[in-house]
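Mind looking over this structure? Questions follow.
Labels A, B, C and D are assigned to the chains in the order they are written; within every chain, residues are numbered from 1.
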Amino acid sequence: MEFGLSQEQTLLQDSVNRFLNEQVPLDEVRKVATADKNDKAVWQGLAELGIPALIIPEDKGGVGLGAVEAAIISELLGYHVTPSPFISSAIMAPIALAGKRDDLIANIAAGTCRIGIAFGEAIAAKDKAGVSASGNKLSGLSLFALDIDADYYLVATNDQQLYLVAADAVERKNMATIDLTRTTCELVFDNTAAELISNDTEDFNRALDIGRIMLAADTLGAGQNMIDQAVSYAKEREQFDRPIASFQAVKHMCAEMTAGLEPCRSMVWYAAHAYDHLPEETRLTTCHTKAHISEVGKFVAKTSTEVHGGMGFTDLVGLHYWFKRIGFNRQLLGSPELLRQQAAKLQGLAA
Amino acid sequence: MEFGLSQEQTLLQDSVNRFLNEQVPLDEVRKVATADKNDKAVWQGLAELGIPALIIPEDKGGVGLGAVEAAIISELLGYHVTPSPFISSAIMAPIALAGKRDDLIANIAAGTCRIGIAFGEAIAAKDKAGVSASGNKLSGLSLFALDIDADYYLVATNDQQLYLVAADAVERKNMATIDLTRTTCELVFDNTAAELISNDTEDFNRALDIGRIMLAADTLGAGQNMIDQAVSYAKEREQFDRPIASFQAVKHMCAEMTAGLEPCRSMVWYAAHAYDHLPEETRLTTCHTKAHISEVGKFVAKTSTEVHGGMGFTDLVGLHYWFKRIGFNRQLLGSPELLRQQAAKLQGLAA
Amino acid sequence: MDLSFGAEYETFRTEVKDFIANNRESAPTSRSNAAAAKQWQKTLIENGYTARTIPDAYGGYGAKPDIIQSRIIAEEFADSGIQGGMGGQGISMLVPTLLEVGNEEQKLKFVKPTIEGDMVWCQGYSEPGAGSDLASLRTNAVMDGDEWVINGQKIWTSTAHLADWIFCLVRTEPDAKKHHGISFLLFSMDTPGIEIRPLVDMTGVANFNEVFFTDVRVPAHQIVGNRGQGWQVANSILGHERDMLGNPDAALSRLNSLIELMQKETIAGEKAIDHPVFRDRLMQLQGRIMAMRFNDMRILSSRLNEGQDASLARLIVKLQGTELRHDLEGLAIDVLGELGLAYGDNEYTRNNGTWQSQYMYQLGLIIGGGTSQIQKNIISERGLEMPREPRPAQ
Amino acid sequence: MDLSFGAEYETFRTEVKDFIANNRESAPTSRSNAAAAKQWQKTLIENGYTARTIPDAYGGYGAKPDIIQSRIIAEEFADSGIQGGMGGQGISMLVPTLLEVGNEEQKLKFVKPTIEGDMVWCQGYSEPGAGSDLASLRTNAVMDGDEWVINGQKIWTSTAHLADWIFCLVRTEPDAKKHHGISFLLFSMDTPGIEIRPLVDMTGVANFNEVFFTDVRVPAHQIVGNRGQGWQVANSILGHERDMLGNPDAALSRLNSLIELMQKETIAGEKAIDHPVFRDRLMQLQGRIMAMRFNDMRILSSRLNEGQDASLARLIVKLQGTELRHDLEGLAIDVLGELGLAYGDNEYTRNNGTWQSQYMYQLGLIIGGGTSQIQKNIISERGLEMPREPRPAQ
């Protein structure tokens, strides 16, 4: 019995962590976030480490690892608030396209193709938005689709069928959000040519499950960094002639954040492990994992900012990048309320 | 503009407070609670101060005061966890019976008649319980009716009509609850003779409104006492060679309780004032007042117990009498969830 | 209990209403220039609708203080939606300080131009190393001839880039105990040696500045109070600032906007207001706001009626009010789901993106003006007479 | 990741299952007498299903420690619903302590009768004046000839009225620093001078006792470890107790009972589970329990696999687990509404009134075994290496 990271997994984690520490520190993230740059160079660097190929099978040009490895990478990207299309292009797309478009999967693995995700309206359609299919044509509107620089989009229709659309076939507008480390866009479909990938809603749901696990892992990482920063700031910052880390109020804030977040690590591991090995547990575990971590993350984001005092509120320290990343993850691919409702349904506890 | 207690109100408060301090300290409450005694002697003492007659009009043998005076007395009874039929007999019954049974009202005022309240099933019927009327006969079951020693019960049917039933006409069984300072009973109606008091649901609702305000005031008083005890215990109790009141964690717990409860005082005052003078605001204010104070009270009950450490958990200090009183008030005559639902309905925000 | 202000005040309210109705045209809008704003401010002063209780010798209207009149004026201007009297730290903080502890020359020189909008001030209190522990501030002023020479840095200086002058706490007596070594100086922001850097915060906007002083020379007489008394001078008005935070009327207005939003917005085809979990959270907030509004009425009453004590009610306002607002803005974001993420230049933002910006700004207020932790210290020590933490052994 | 225990352990599990199936008839029930319980305990020891790793020289089964085997045994007995090995503070706390730091004579004398149920123990640690600050205890023992003479008072002594013996912390070196003046004594509860008073708690039951000592005389050799080392002796097993609190499996079992309850109970004609606000709270709790169960798996894994660090995961269990249980029991009460108030001798109680009694008892656990405040100190100091509070100046 072993419920923890293997040596190989730890080595993978270390190498990516080293790359992000050295090549994509906060200053680099700021450049991407403030639009001087996009995330292409970062993604290129990650491609050299094999990250876009991570879960793609070896015979399709990938590394052939599983959801646990994907989760620990997602956690690291959250820890470093790294801008990248990891969740959409490297994880959700290969799952959805498996056995359907091996050509594209090979290009994803090679880092030469990015695929965005437009699932929002199939999860909870917003007013006036929504996508419907007629033949091989899509019409409608999808909001907050992931990745403005994608070459293709995987689009879920209102009835959860999956279509693939080329980026240049669709009207695409940037949608600014609080989280400047990610890009989202509005996609307008007007009898737009599309390729049916699957009309089995289970395929949509499998891609959604892993996307949710990845977002949970991202929040885990971002939350852990906020705690680390808060503890370290509290040890350095002096007020009333002592480090504020020696005040019981500050200590208890840090203890409460830790008590909340530490079990989330096991939860992400388990959900990812279940994704690959325990199909009957996957969906319920996934719903609870993303919902629970979103709540803990919200508390950690607020509390760690408070520990920093005024500095936490400024752009100088840049703590807000993590705050906003956690806020973004909370709403994307299903809010906590929606996920808890779904968890109840899965157990026959709600209609 | 004056939003505070008048000199007369303060004098009334002082005299009742003195009586309760001297005549009904915790030791006396314990005797009633542990069934060596009932609350009749306490009620007799309060009758000598005019409490059963408090809100009954002077021309009906009462003192002729209003809901604000009733609320400050209810707060005191909560503060001292006093066993008494105040809310049922002295407040809700005279409101419901006004103009209908002046004879009984005069007896209530004289302290010679007690009237219990059986509203539970009309608010949210429990499984298998519920009361229906046919002609002047009642059938069914009412649970957690207030006051085992009442001479009559005001019974609300499922469709919120009010009936008066003599205690000796009905099968009555004691229902033990966590709160030993109050008695509740099961009433079994089997074609039981009853007198219709009102088939206007507004009469039921007026009696319910003031009952809810009184329970909120009771929780306010009980919560205030728990804070007072916690602060005073913390100042005396030493651990690690200093009073625990000097530890920031303990100070902040007390500050949080105070910050939560202090606005509740104004809320109770306002709700009571609205009851007499601002009819269009009464019901919404009442729902929010009881719901909000129930939530704050729950936090105060738990937190003040924690401040007491192990002593708070024992019967030695007796803090649990307040804890349970607050717990009782929370559920009676409408739980917070139910009240918030009703608040939404009153504003057209829920069906 | 008497919740009305009485007939006399209702007459006064009618006067204010009439004034507003008759002068609506002259009030500046967001498109007006500075001259129009100043002209309007003068009109308001002449009619006693701002600077009302400031003696006319110093440029005010010279009425005797009347809390209800002030409240009625504030209510009516807020209701009408037209511009009331100017705000800013000069008017709300410096002027009361000068009237309280300034000398005659200072009152004559500074009050009138300040209230008339000709002299804009900023506040130089906080420093990077002196936040909760403000009295540990290190910006120092050394006497050289008949001038102070100031070196150091301030932060959270909200209108520094617009201000003509600054009121500033500096350490002038380095050998005194920390609360006794501070002085309160006034000087022009044009003085050589001052550098202003905008301070962008998490909302993405530079709501504040950092201000750096390098050998800034200030005439010796530009001190309020005596040398080493700056802490007391500043504290004579610090309570004012705390009272401004956590206003329940602002929370009510936001709640009403949220209710409107929830009646309009849909989630998977269902109106947000029909979502029972969100509705329950909404009602919880409405209850909390109600409690804080009645608490506020009690505070007002205690200022009007001798013998009423609302000191605890007052101590808790900042703590409760800012947390409440943060929670309220957070509910709106949750209700909106992905739409709640829209920010900045995005046509899908709701209420101009204020749910997100206020969610963050209110967190700033939880921290600023005395963090929630400091507020809890104050409530327990001043309100509940619990002991201060023991002084650490050296 | 490998969540299975492997084939070897599955064989072991089958053996345990077989034993249970074959011996079900012999297991005592709640109506069995003490002799039957002791006989069953002996059978369990002989088969290695309790006292498994205790050397046979001291009456145990003598197997080498194997966490998974222990867990399988616990799981199978729990699942089967038949009585497993005896518990109690003697078996769970004193025996490990003696095996760790007792002398040979003590091990030979006490371990066997204790694990066989012939010798029941209670624990004498806490005092009215020594709770969170346990080391400030004042019950003292003075050497008189070759006997200790003990005076003082203990509290929270859970099985004092049933116990044959007590293991007790007493101050023997009044002049030493507080942690160095304590000794760990063992003595019979029949010793003259001991008075036991039941301590009724908020649940209405005497779950605990107070124990008073007046000139209680105890032979000098009944000390574990040396004079003044009692604090270290006690701490060699204190971690054990903390690990027992906050068990997520117990929370899961309660959650499942709550789900059943909500599917049965109606509120104004509607099933409780169909009430979206209560259902959302239920799902929140399910998520929290899931997190704690996986956290628990991680702790187990770290004990099995060298190099895995789960120290933070372990430090937070008591804090999170007890708060979680308190919240869960509180939700059941809210769901039941007025029915949730029923208590004691009331036919309308649900689940034997355990929702209320556990709501209170879990609050007791939030306080006992290191309050939540002490837990947060420990997490921040040991887990996050934040400094201890400075020592106060005298």
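Keep this in mind: a contact is a pair of C-beta atoms (placed from the backbone, for glycine too) under 8 Å apart; a residue touches a chain by one contact, two chains touch by 3 or more.
Since the structure is predicted, the reported quantities are computational estimates derived from the model, not experimental observations.
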item	value
Chain pair showing more contacts of the two, B-C and B-D	B-C
Furthest chain, CA centroid comparison against subunit D	C
Rounded Å distance, subunit A centre to subunit C centre (Cα mean)	39
Interchain centroid distance [CA atoms averaged], subunit A/subunit B, Å	51
Touching two or more other chains - residues of subunit C	276-277, 280, 373, 376, 390, 392
Numbers and ranges of subunit B residues touching at least 2 other chains	242, 247-250, 252, 337
Subunit D partner contacts - residues on subunit B that touch it in the complex	120, 124-127, 143-144, 175-179, 184, 186, 238-242, 247, 249-250, 298, 302, 305-306, 309-316, 319-320, 323-324, 327-328, 330-332, 335-338
In the complex, subunit A residues that touch subunit D	1-4, 6, 68, 231, 234-235, 242-243, 245-248, 250-252, 254-256, 258-260, 262-267, 269-270, 273, 277, 285, 288-289, 291-292, 295, 337, 340-341, 343-344, 349-351
Subunit C residues within the subunit A interface of the complex	126, 128-133, 136, 155-156, 199-202, 204, 265-269, 275, 277-278, 326, 330, 333-334, 336-346, 348, 356, 360, 363-364, 366-368, 371-373, 376, 392
Touching residues on subunit C, where the partner in the complex is subunit B	1-6, 68, 259, 263, 273-274, 276, 279-280, 282-284, 286-288, 290-292, 294-295, 297-298, 300-302, 304-305, 308, 310, 312-313, 316, 319-320, 373, 375-377, 379-381, 383-384, 386-390
Subunit A partner contacts - residues on subunit B that touch it in the complex	247-249, 252
